[in-house]
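What follows is a set of notes on a single structure, which appears directly below.
Just so it is clear, A, B, C and D label the chains in written order, and each chain counts residues from 1 on its own.
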Amino acid sequence: MAHAILLISCPDRRGITAAVTHFVFTHNGNIVHADQHIDDQRNTFFMRIEWDLEGFALSRQEIFAEFSGIAGTFEMDWRLFFDDEVPNVAIFVSRHVHCLQDLLLRQQAGHLRCRIPLIVSNHQDLREIVENHGIEFAYFPITPETKLKQEQQEIALLRKHDIGLIVLARYHQILSPGFVQQFNERIINIHHSFLPAFPGKQPYARAYEKGVKIIGATSHYVTAELDEGPIIEQDTVRVSHRDTVDDFMRQGEDLEKVVLSRAVRLALEHKILCYQNKTVVFD
Amino acid sequence: MAHAILLISCPDRRGITAAVTHFVFTHNGNIVHADQHIDDQRNTFFMRIEWDLEGFALSRQEIFAEFSGIAGTFEMDWRLFFDDEVPNVAIFVSRHVHCLQDLLLRQQAGHLRCRIPLIVSNHQDLREIVENHGIEFAYFPITPETKLKQEQQEIALLRKHDIGLIVLARYHQILSPGFVQQFNERIINIHHSFLPAFPGKQPYARAYEKGVKIIGATSHYVTAELDEGPIIEQDTVRVSHRDTVDDFMRQGEDLEKVVLSRAVRLALEHKILCYQNKTVVFD
Amino acid sequence: MAHAILLISCPDRRGITAAVTHFVFTHNGNIVHADQHIDDQRNTFFMRIEWDLEGFALSRQEIFAEFSGIAGTFEMDWRLFFDDEVPNVAIFVSRHVHCLQDLLLRQQAGHLRCRIPLIVSNHQDLREIVENHGIEFAYFPITPETKLKQEQQEIALLRKHDIGLIVLARYHQILSPGFVQQFNERIINIHHSFLPAFPGKQPYARAYEKGVKIIGATSHYVTAELDEGPIIEQDTVRVSHRDTVDDFMRQGEDLEKVVLSRAVRLALEHKILCYQNKTVVFD
Amino acid sequence: MAHAILLISCPDRRGITAAVTHFVFTHNGNIVHADQHIDDQRNTFFMRIEWDLEGFALSRQEIFAEFSGIAGTFEMDWRLFFDDEVPNVAIFVSRHVHCLQDLLLRQQAGHLRCRIPLIVSNHQDLREIVENHGIEFAYFPITPETKLKQEQQEIALLRKHDIGLIVLARYHQILSPGFVQQFNERIINIHHSFLPAFPGKQPYARAYEKGVKIIGATSHYVTAELDEGPIIEQDTVRVSHRDTVDDFMRQGEDLEKVVLSRAVRLALEHKILCYQNKTVVFD
């Protein structure tokens, strides 16, 4: 049976958890996961609650309607999902293939609950690989002059495919603020450094020049500020003076794949809440 | 203000979370942490809930009385703690000083909410260090013949100090089943290997002989079976062919200190539930 | 230009390094890497030395002949490789595809210096994926009765393809001692646990039952003893009570891929020396 | 018996290793460790070689004299050490005690080959702890006006104690360029972030604000640029949205202790070579 998932944030006060769990219980729901967090500094309450819909007394539409009352009382920001409503994901790539391949293989293995109907690229390099997977490959070359116009076409295509999540899998173009705004908290990027170290271009070469002993990768939601959006997941690996920039890149690929796929999985399972340019991750 | 902490496990069914959170809310409690877990295979529900007692309508004794009703309804195993009731901890040691020193320094720094009134040892080596900290050092040499009798004396001393948690900080004696039984889920050991690899004696030497590329440390509750109790925390560090057994020991000390102190801290904050010889750790 | 690589082990005594480096220098070689290790307990010396053949005074055949004298003096076990002589690798698989796919993609990306002309399997499941890569898929179903006979066929096929390294990428059959003997130190396995914990079958399920807080993967050379050969590489990842056996498997796949591919890469770059059922890894 | 240790860097060319190892062998030395590295981009050769002085034909003074010839031929920067010449270390602290205590305990346990005759501080807080260890505690309060004068006094005291290595164990004062210059590559700092992220003040608070999922610590040689010197060692640990700034600090302390003590140990064992504001670490 399908599960319902509620993501909630609101000012903290007495009775929120009791009200939410009582709502589920009253209508005969069986809670299978519940997690909450309170940010004391900001006096903000966060919750993720998931319940089995088998025998639940309300229809999906009724849940929206009924829960609105509770949400209003507590001034909640809230979103409701059903885990059998599988979203469509678009992956944006440039020339690097490793993250793309990794995501496609994980999706085929059933580790990512989504469809991937569309790959967008500003280069032609990966067309064949994509089409061999039976996926539409949309080529949008970008110049400073054509960017906004091309993005309008991309957005139209994304709308046509009803895309719920965009994954930038080493897409080496900065999206315009207008594009980002239309997909707020729905664009995930992988940056090949341990942010906030080495934002922007050539992070491996700069890490090498700096002589770091550990390299990292960071997945984050995309905001208007380059590489400054809320961090979802990070990981690191040791390097040494023996490693060249090429070794950094090669070892970094493994990090990038793992970090990006974890972030995408968390997003698809509705386990991430953003606030204050940070994330609460209920994993 | 003090917080109340409830640890609950029971057969899973509808309404547990609603009932518990409703109990807290009804009596004007403000939940500051709540975490739950359901083991699908065993159909078992686990919960840790912590609320602020400021303005709470029930006295501590009344909480026990009132909650018993709910607990009975759901067939709960439950324990209730108050975070201002700081337990007394006894540390058992042999000759290795690093874990002992580490725990004492952390307690002094305020990172472990406990008193440490008593150190027990089967050797005299660490007496001076302990007494320099102003702590009672109790020497109980153990032979196979004297073991049970000595343990009776130890138990009497532990009772006298009202010891709520025993930490075996590289104590190289096996406690008798009778001793263990009297402190069920209240004895934490550090084993200097990545269990279940290398239980028993000389784990570093055996790891060296085996040629492992990573060594570990494991903290666990002590049960009648040597090194077989529920695992609380583990960590690992890379080694190489260049490392000798002495290097394993030296690097292992850092692991042991971190892993043991994390486990003790989790226990003192009532974040651990045992079942099926495993732990649920609400960290 | 090509490089020559010497792997040496011998009883330790004065002058070995001087003799070897003098040999390279005298014939006008430029050392690009040199690493050595002495096992004090066993009084054994190990060395890996790599030099540029540009301008080297000896032909490849002459190197063999000339170095024999030094090798004899110091009672060396030694092997000589040239990095432009790319070996043929065969991968053995059963039904799990992730390690196979990972190795193929890495080889295509140029991260593994080898050819992969042959995949052997005791199941038909992965035939299509293999053949889509343009690689021969050899199906050898195994029963206790047919095992030795099938292995003879496999060996014939491996010889035909001049296979220098066999990689067991989740191949769920135990090779007979006779097979292993023919490919001594040339068969690498991935075991999906942190050995020596959980050798043999179902390591993830057993790790779950045990309640470990960290899972691992181990790559090792195959010997006649199951999961007991010299360990080449290991890695670990944290798990929690929230993770099911399926979660262990899914997260374990990432470990297996990284650990196995690192081991294969080290072997292909001639960076591993075995002794005493352990490895010296000059990475 | 004592060991000699040579640290060498020079332009790369044929014959360096052969010349150095031949030097040791000719005078009847037994090499116990040798490691080398070539930076292809900079065409620079680095070497660390350690040999047993038992039966060595040259006195210590003669080694200096004899080796000078080889060093001249290859334009080497070189330093010669003897592992029985144990250096004096001064530790600079402010108010945080954890790194200081950790270093003192490691030195007492024999894990750091040095004497620690002097602790310098700009605060009085740690006087008692230091003096309880029987170590001189020198108090130098610093204001912008007094800084240079106080540093002159510090330098005089350091000279008096023949200090070979200065460790800044959470010393919250910036040393003047003149001070740093006098102890070039002999001042090690611990910075409580994963540099180059969060240099300067309050790194934990800034990491918290940024919402990172991993925090780190970095030990480096001190140069005139704040937190910009050659990195010796780094390590990281995972954090989550549940961790407060205090949790970052507490968990960070464990990182700081391990990272700083590793760096100090590497320096004391003469395993670090600096170049291009980076380090080669022969561990």
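Note that in this section a residue touches a chain if its C-beta (ideal position, glycine included) is under 8 Å from a C-beta of that chain, and two chains touch if they have at least 3 such contacts.
Computed from a prediction, not measured in an experiment: that's the story for all the values here.
Relative to chain D, the chain whose mean Cα position lies farthest away is A. The angle of the rotation superposing chain A on chain C, based on CA atoms and rounded to the nearest 5, is 180 degrees. Centre-to-centre spacing of chain C and chain D amounts to 37 Å, using the average Cα coordinate of each chain. Within chain A, contacts with two or more other chains are made by residues 242. Contact residues of chain C toward chain A in the complex are 97-98, 101, 105, 109, 111, 242, 250, 254, 258, 283.
Remark: chain B residues 13-15, 17-19, 21-22, 24-26, 28-36, 38, 238 touch chain A in the complex. Here chain D touches chain A in the complex through residues 37, 39-40, 194-198, 210-214, 216, 230-236, 240-242, 244, 276-281, going by the rule given at the top.
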